[in-house]
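Below you will find the structure I want to go over with you.
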Amino acid sequence: MAFFDLSPAELASYAPDLDEPADFDEFWTRTFDEHGAGPLDFTCEPVETHLTVLDAFEISWRGFDGHRVYGWLALPNGVDGPLPAVVQYTGYSMGRGMPFENIQFAVGGYAQFVIDARGQGWRNGSTKLGSEDPGLRTSGSVPGFMTAGVLNAEGYYYRRLFVDAVRLAEAAAGHDRVDAGRLFVTGGSQGGAMALAVAGLAQLRGVQIAGCAPEVPFMCHFTRAIGLTDAYPYKEVADYLASYPQRQRQVMRTLSYFDGMSMAARATMPGLFSVGLMDQITPPSTVYAAYHHYAGEKAIEVYPFNGHEGGTTYQLKQIHHWLAELLGER
Amino acid sequence: MAFFDLSPAELASYAPDLDEPADFDEFWTRTFDEHGAGPLDFTCEPVETHLTVLDAFEISWRGFDGHRVYGWLALPNGVDGPLPAVVQYTGYSMGRGMPFENIQFAVGGYAQFVIDARGQGWRNGSTKLGSEDPGLRTSGSVPGFMTAGVLNAEGYYYRRLFVDAVRLAEAAAGHDRVDAGRLFVTGGSQGGAMALAVAGLAQLRGVQIAGCAPEVPFMCHFTRAIGLTDAYPYKEVADYLASYPQRQRQVMRTLSYFDGMSMAARATMPGLFSVGLMDQITPPSTVYAAYHHYAGEKAIEVYPFNGHEGGTTYQLKQIHHWLAELLGER
Amino acid sequence: MAFFDLSPAELASYAPDLDEPADFDEFWTRTFDEHGAGPLDFTCEPVETHLTVLDAFEISWRGFDGHRVYGWLALPNGVDGPLPAVVQYTGYSMGRGMPFENIQFAVGGYAQFVIDARGQGWRNGSTKLGSEDPGLRTSGSVPGFMTAGVLNAEGYYYRRLFVDAVRLAEAAAGHDRVDAGRLFVTGGSQGGAMALAVAGLAQLRGVQIAGCAPEVPFMCHFTRAIGLTDAYPYKEVADYLASYPQRQRQVMRTLSYFDGMSMAARATMPGLFSVGLMDQITPPSTVYAAYHHYAGEKAIEVYPFNGHEGGTTYQLKQIHHWLAELLGER
Amino acid sequence: MAFFDLSPAELASYAPDLDEPADFDEFWTRTFDEHGAGPLDFTCEPVETHLTVLDAFEISWRGFDGHRVYGWLALPNGVDGPLPAVVQYTGYSMGRGMPFENIQFAVGGYAQFVIDARGQGWRNGSTKLGSEDPGLRTSGSVPGFMTAGVLNAEGYYYRRLFVDAVRLAEAAAGHDRVDAGRLFVTGGSQGGAMALAVAGLAQLRGVQIAGCAPEVPFMCHFTRAIGLTDAYPYKEVADYLASYPQRQRQVMRTLSYFDGMSMAARATMPGLFSVGLMDQITPPSTVYAAYHHYAGEKAIEVYPFNGHEGGTTYQLKQIHHWLAELLGER
Amino acid sequence: MAFFDLSPAELASYAPDLDEPADFDEFWTRTFDEHGAGPLDFTCEPVETHLTVLDAFEISWRGFDGHRVYGWLALPNGVDGPLPAVVQYTGYSMGRGMPFENIQFAVGGYAQFVIDARGQGWRNGSTKLGSEDPGLRTSGSVPGFMTAGVLNAEGYYYRRLFVDAVRLAEAAAGHDRVDAGRLFVTGGSQGGAMALAVAGLAQLRGVQIAGCAPEVPFMCHFTRAIGLTDAYPYKEVADYLASYPQRQRQVMRTLSYFDGMSMAARATMPGLFSVGLMDQITPPSTVYAAYHHYAGEKAIEVYPFNGHEGGTTYQLKQIHHWLAELLGER
Amino acid sequence: MAFFDLSPAELASYAPDLDEPADFDEFWTRTFDEHGAGPLDFTCEPVETHLTVLDAFEISWRGFDGHRVYGWLALPNGVDGPLPAVVQYTGYSMGRGMPFENIQFAVGGYAQFVIDARGQGWRNGSTKLGSEDPGLRTSGSVPGFMTAGVLNAEGYYYRRLFVDAVRLAEAAAGHDRVDAGRLFVTGGSQGGAMALAVAGLAQLRGVQIAGCAPEVPFMCHFTRAIGLTDAYPYKEVADYLASYPQRQRQVMRTLSYFDGMSMAARATMPGLFSVGLMDQITPPSTVYAAYHHYAGEKAIEVYPFNGHEGGTTYQLKQIHHWLAELLGER
């Protein structure tokens, strides 16, 4: 895909105003108080895999409204004591997959937690059933999750998912093999959105995040993103508004409670972003918009000729390097 | 689209065996007994529109498990006495739309009922909220409804929708402006699937259908349809099985309770089908498969060079002609 | 389709200069004098349809150079006295279709006239033969009508079509069931172009139009439209100029006699436009260009996330509301 | 494009029955008597070009109903006496182009005549105006020429074009620089259809063709071709029948007067065909169908991995070789 | 992609004759004697990565004509003694990538070797330069490698690559951390082609392969594959033959020395294949053709609704299970 | 394709700074000294064709490092004395084709030389083998030639090709049938890039070029072109940098030695450019960038509605006219 968004020079200084409702913080405080404050009821069962250098576990915990959410945990074996940990959030459409699938941090010596995003998982298979989303979708919503319950923030799908995500970080922080002071969050695209949300909201659950590494994060700067690109999943919202033009204001208001710009503005730990300048799915200006609001110490890796794949293995290498530096190892 | 399915000669005699479970009838009897036997609780409120030659009403009734389902009713004004009625079922993705949108039978002198298919409606707008589907979708299901709850027949989305559809026919039959002996069902694509389902199952609710006119019906002969075409929505099932290949048998078993071939085999009233020989969405062999099993007196209009649009206005003309003949008017 | 044209703010003030030849008015006066002044020779024969609440008629009249042009008329039955009337002009490629197809105004109590655009009708079928176009196409013209006879304004296809369109309004105004003081014109895309042309030129035939409601009108601001979009039918002109680059000036001069901006500038009755901000076929800036020149009292309905479908049923509702207001009913 | 038609072995023996009306010969005899028997009124004017080794002329003659048709003639300069001649017919959408454009036979020592197909020429430019087609197109016909006047053989566009084509051969045979006993016809796609038509019908004008070299000929075996492929221009007919399904028999009857199989069956001079086995535009089985009916001595060059481009320069080389052999030069 | 190849029943028994030249074995014997018999000159240098549970090494060896070829080796750390080993061959376009990228067998306790296919690597990046291919490409060859040097078997690119692949197996067998009796080969697509080639030819270098697991192998049954599908890279050969039709026999002869069917027929160790029935890139019939000729004990995993991705993580699980069984661990 | 680049007004003044390394001239001087200074060893053998008005020859000469390069020569026959000559350079992917294929200048009285670009020729066939490129491609390079050896200017493919191109001009200038003072160069796209390179560099071999006519030239203003368009071949560079983002500076430095802007700035003979304003392959701003730097007397033909085909036969006519004027014939 050719360049289609702002120029590199414009991006470097692209810092639009936050687009958030006055009761943003109150909304999330209430959300966690009312729907995310119960016991975690964490479970962790070993699963048999072909892995010999890692130990794999199926984990579960209580997410939004106490719904049970699943995931995986991989631990480097033969290592004693508390480990630094990485919580891995997944991209749109992806489930947790197989227990041997997301191990890129575990093989580097981290406890790696993986979420099974509720209701998702149609792009990658698993031998286990996934996390269910009992929440209503709202008639008229476009297939997928971007407009599921979008008529108000209370019922929006991502309210439930973000609570699940924070509570996984909470569970990770409390795990006996984890050093709670060295807990990192990461993920690409929707995974980046969740990582940002956890970075911004985890304090509401008293969880401390040591660093946040969102790759090509999704769900940032909605008012610009919707209509800027034809690519899904942002296009789901445009499709919805094509059928229900009278609901534009209402929908945009809902989305404003979930904007990565606002999450970034509440994140104070170090951050490492990545962006592909040919990315149609999470256009570079939307990523930079969140980056510029990010409140912690920060850096961004720019991949000029890449699309939504971003920096792929190059970025993975960067993240490992950045983690090592934060941990004082380099 | 070029021809891609069986030749006209092969289609004319294409009558594959039914692919139905032994407990098909028991399943549906139980379904209606347990989930579709409560009071209809029918409502019918006039709505203001620009229509001057018709009267328009918002209707609602209790569908599966008593969930409230919505729709429209249009009546030719200035006409006394009970009317023949047509229940119109909608295609995949369509909601009820506007009250002045589906009036093609009302303008011909019929009471026309339109369903708002639960959870759908993302392709056409409405000024009203739609019917909700509180049923679970099942994690891993592909966006859309074809694999929503597909792991077992009890939880499959179409179980709920088909009950809603039958109960609308039941409501129509009981409406004071309707002559219950002259109640017809029709619809295109998914609407044709619903029409066939009602034709085959309405007797379980003691409702008599006087004729069934499915246009290019969907959901017929699943075992052939899945993989025969790249077109959605059948492709949703193939996508699902690409991610979950181990569930093929389980999914196919679920679908076998909803196959239009089996519904057709239980329908004894006159039937008028249509088929487009270049139809990739509901391939002609799948339509003929249902047609050949249809147990009532029947005819099929063939549109050799048409795709899923089928006969469009030509077929509407045919249906009106066929209705008039059945009503003894021609 | 993502946004590709001017921003909403730019559109709101986008008022390019008219691009019209000095002899624009003379050209059209001469056109009507020489090719559109003969007897209308109107015919109106009832046709049998399934419609019970409307009466349907096949109509015909003399268009350009006395060529016979066909159409439909639908009247609400059981109503006495002269009716307000809507003349419906059709989109590119569409013929008049079936007599029961375009009745959206008749069901609201209007006499609805529908044109069968000469030579068109390849997208929708009819059981009747259509209006013929005996005019020459000019060798080298791209399939379709945009470059048929484009080498000079005298021989251009749309000169003939616009005369046909005005003469239908003239026939409607003279119909004994029509109240000539309440005659409206509407249509989408090419139908919007015809509606604008009639609004601007009908006075040349002494016909008074009470209101004009062009939806996403085509043929506005040609000098911007050609090359702004890859979508047909504007692209037909670009294709032609790719093969005949030496004729650019000549072609653009021809088109300047048919530009909707100039038609709008001559229309003084109330107008209601619609525009889709993602419309590639009639890009929003070209619609706004005509809107800003529209000389009557005016309003425009904006559909930000819609393409060429514009406002669909929402806009139909708006038009009915606007008609009712003009008629003093609301 | 992958293989999609019959296998090579099936093609080698694919000889479907002719599909021609009983009055085929009578139709064409009458056509030439009534519409193609007037004076040729041939003109031949030198045109200035950059060519130094050839002399170029603009030619014109009277085609169907005496309409003036244009073309080019190129003669090798510095050669005395009558020359063998090749009449070159053009593909669909092509006009005659520039006088220096079609010279591939002239540079080999032939008098080369090129037709400007009436009304066509939208794919290649010219500095001259082209041949006009004053014939009616018939309302509802799909843009292009395949359905122009298709409701009956008398008014079909190709009736006019085929008469033009034969009369060009007649003019060539009578040209003083041409040896009438060494007159060849060729062309690709629609040009192949014209070449076959001239080979089959030229005797009706007393013209003798010494050889016919159709490349990937179009308009052969219509009943199989329509619907076998999605490619235009055959698809124009399928599009038409999608809008007018009730006219299938009528349209197919018209086409049967123009089928290359029937033309081939009337051609007795040597023939050299070419075919691309991946050709979606003129599928191989339709080419073979004509080839097998070809009544003269014949050969076919098969290009297994080529599409509609056929053998390109390889086939040009073959045709030159074949011409030389027929002329006794090899 | 819909089903397009033989039916499951036909595939189950699809065993076409081998299409191999009489001197196939002589060719390969000569190839290894003359171009693959020199010293391996193996190098193995640790590389720094973030991996803590594996040790990573850059390796290199002498391939065809002594050219230096690169790759990676990953060893589970903290394990003593010789290990079972898996040699991983890569898909078309892929290089070795990063040292932490292909570790799916190393994390299961195997020494995992990865090849950097000469000249490839344009789809995945690396921080190291890759293996060069100094061999000639031959003018006219289509971009990519399928027709590089295809005019004769001696100069064909894959002759060089297959020698490189066998020599990597040879190097692996001789590695001091490897148990040479437990050496396996695997790979997907082109990697499957290499795995089959090594399975069939390794004996020429005295190397014993304990098992071969080709996933959706490429380069099998060329005479059917070329033209059966439009997908690249097979399409490269069809593109070449479209430009050089006169070379078909010559090209097909070259390819016959590299056909996976012939390689399979020479492989006697256990084999585990996989196939996707919607695979356009390596169509199922071509995979089955190789499978049916495979001379060792064998099994095939069938993924009916998958394309070229085949069984993804499911198949990885299967391969691990199959390896464990062969190693007597289950 | 719609307009996508700068507006006509912006293009008319678009003159970006040169982007060339300080040692540009030194690089090329060294290149010709070390790799392009040996004997030409020119051969010229008549080939048998069907041409009767031209004589055709296969030619060859020593290009870069003395590699033998092939081509064709066509001479108008029956003409005495030295002729003006045109050297024709070919577009990307094209070989020399057939000897009767590129004769558009020979038929106008010129000696026409055609290059067979080393290693290319996959889009058009030939009965002869082509020029080989023994140079290395560099592992990781994207299929095609744009990134072949791109890691440094010394090894870049186009260094070899440009030397070949200059040496053909040198050979033409020395041919006994050629008037060395009337030697022109031309070509489209990559052929335009070669023509510009020869115009800029031929003086290094003491060859005088009388005029340069690049059509829609490729390889101009690389820093803008890469990423401005999705079209190949520029996209090959973007693809490469997507896989190897760390090499951006290195790659851009290599390309800067080959930029048509710099070549143009060194060309002092008259020049005639052409540009298509909808050209995605060689976007108009990149063509204008070279045009504005062109140091000789110059003109540019603008085709507003054309893409990469540019002016086709119109431009050929222009070039002939321009040649004639330069030769004092008009």
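A few comments on the model shown:
Letters are used for the chains, namely A, B, C, D, E and F, taken in the order the chains are written, and counting of residues starts over at 1 for each.
As a convention for this text, a contact is a pair of C-beta atoms (placed from the backbone, for glycine too) under 8 Å apart; a residue touches a chain by one contact, two chains touch by 3 or more.
Just so you know, these numbers come straight off a predicted model, no measurement behind them.
Fewest steps needed to get from subunit E to subunit F, stepping only to touching chains, is 1.
When the C-beta contacts at C-F and at A-E are tallied, the pair with the greater total is A-E. It takes 120 degrees of rotation, in steps of 5, to superpose the Cα atoms of subunit D onto those of subunit E. Between the Cα centres of subunit A and subunit F there is a gap of 51 Å.
The geometric centre of subunit B is 37 Å away from that of subunit C, both derived from CA atoms.
Counting partners per residue, subunit B has 124-125, 127, 239, 245-246, 314 as the residues that reach two or more other chains.
Taken as a graph of touching chains, this assembly has some other topology, since it is neither a line, a ring, a star nor fully connected. All chain pairs that count as touching, in label order, are A-B, A-C, A-E, A-F, B-C, B-D, B-E, C-D, C-F, D-E, D-F, E-F. Of all residues in subunit B, those touching subunit D in their complex are 1-3, 277-278, 303-307, 309, 311, 314.
Residues 226-230, 238-239, 241-242, 245-246, 248 of subunit A touch subunit C in their complex.
Across the complex, subunit E meets subunit A through its residues 50-54, 76-78, 97-98, 100-101, 103-104, 106-109, 124-125, 127, 312-314, 316-317, 320-321, 324. Residues of subunit D touching subunit C in their complex: 95, 116, 118-127, 129-134, 136-145, 147, 239-240, 243-246.
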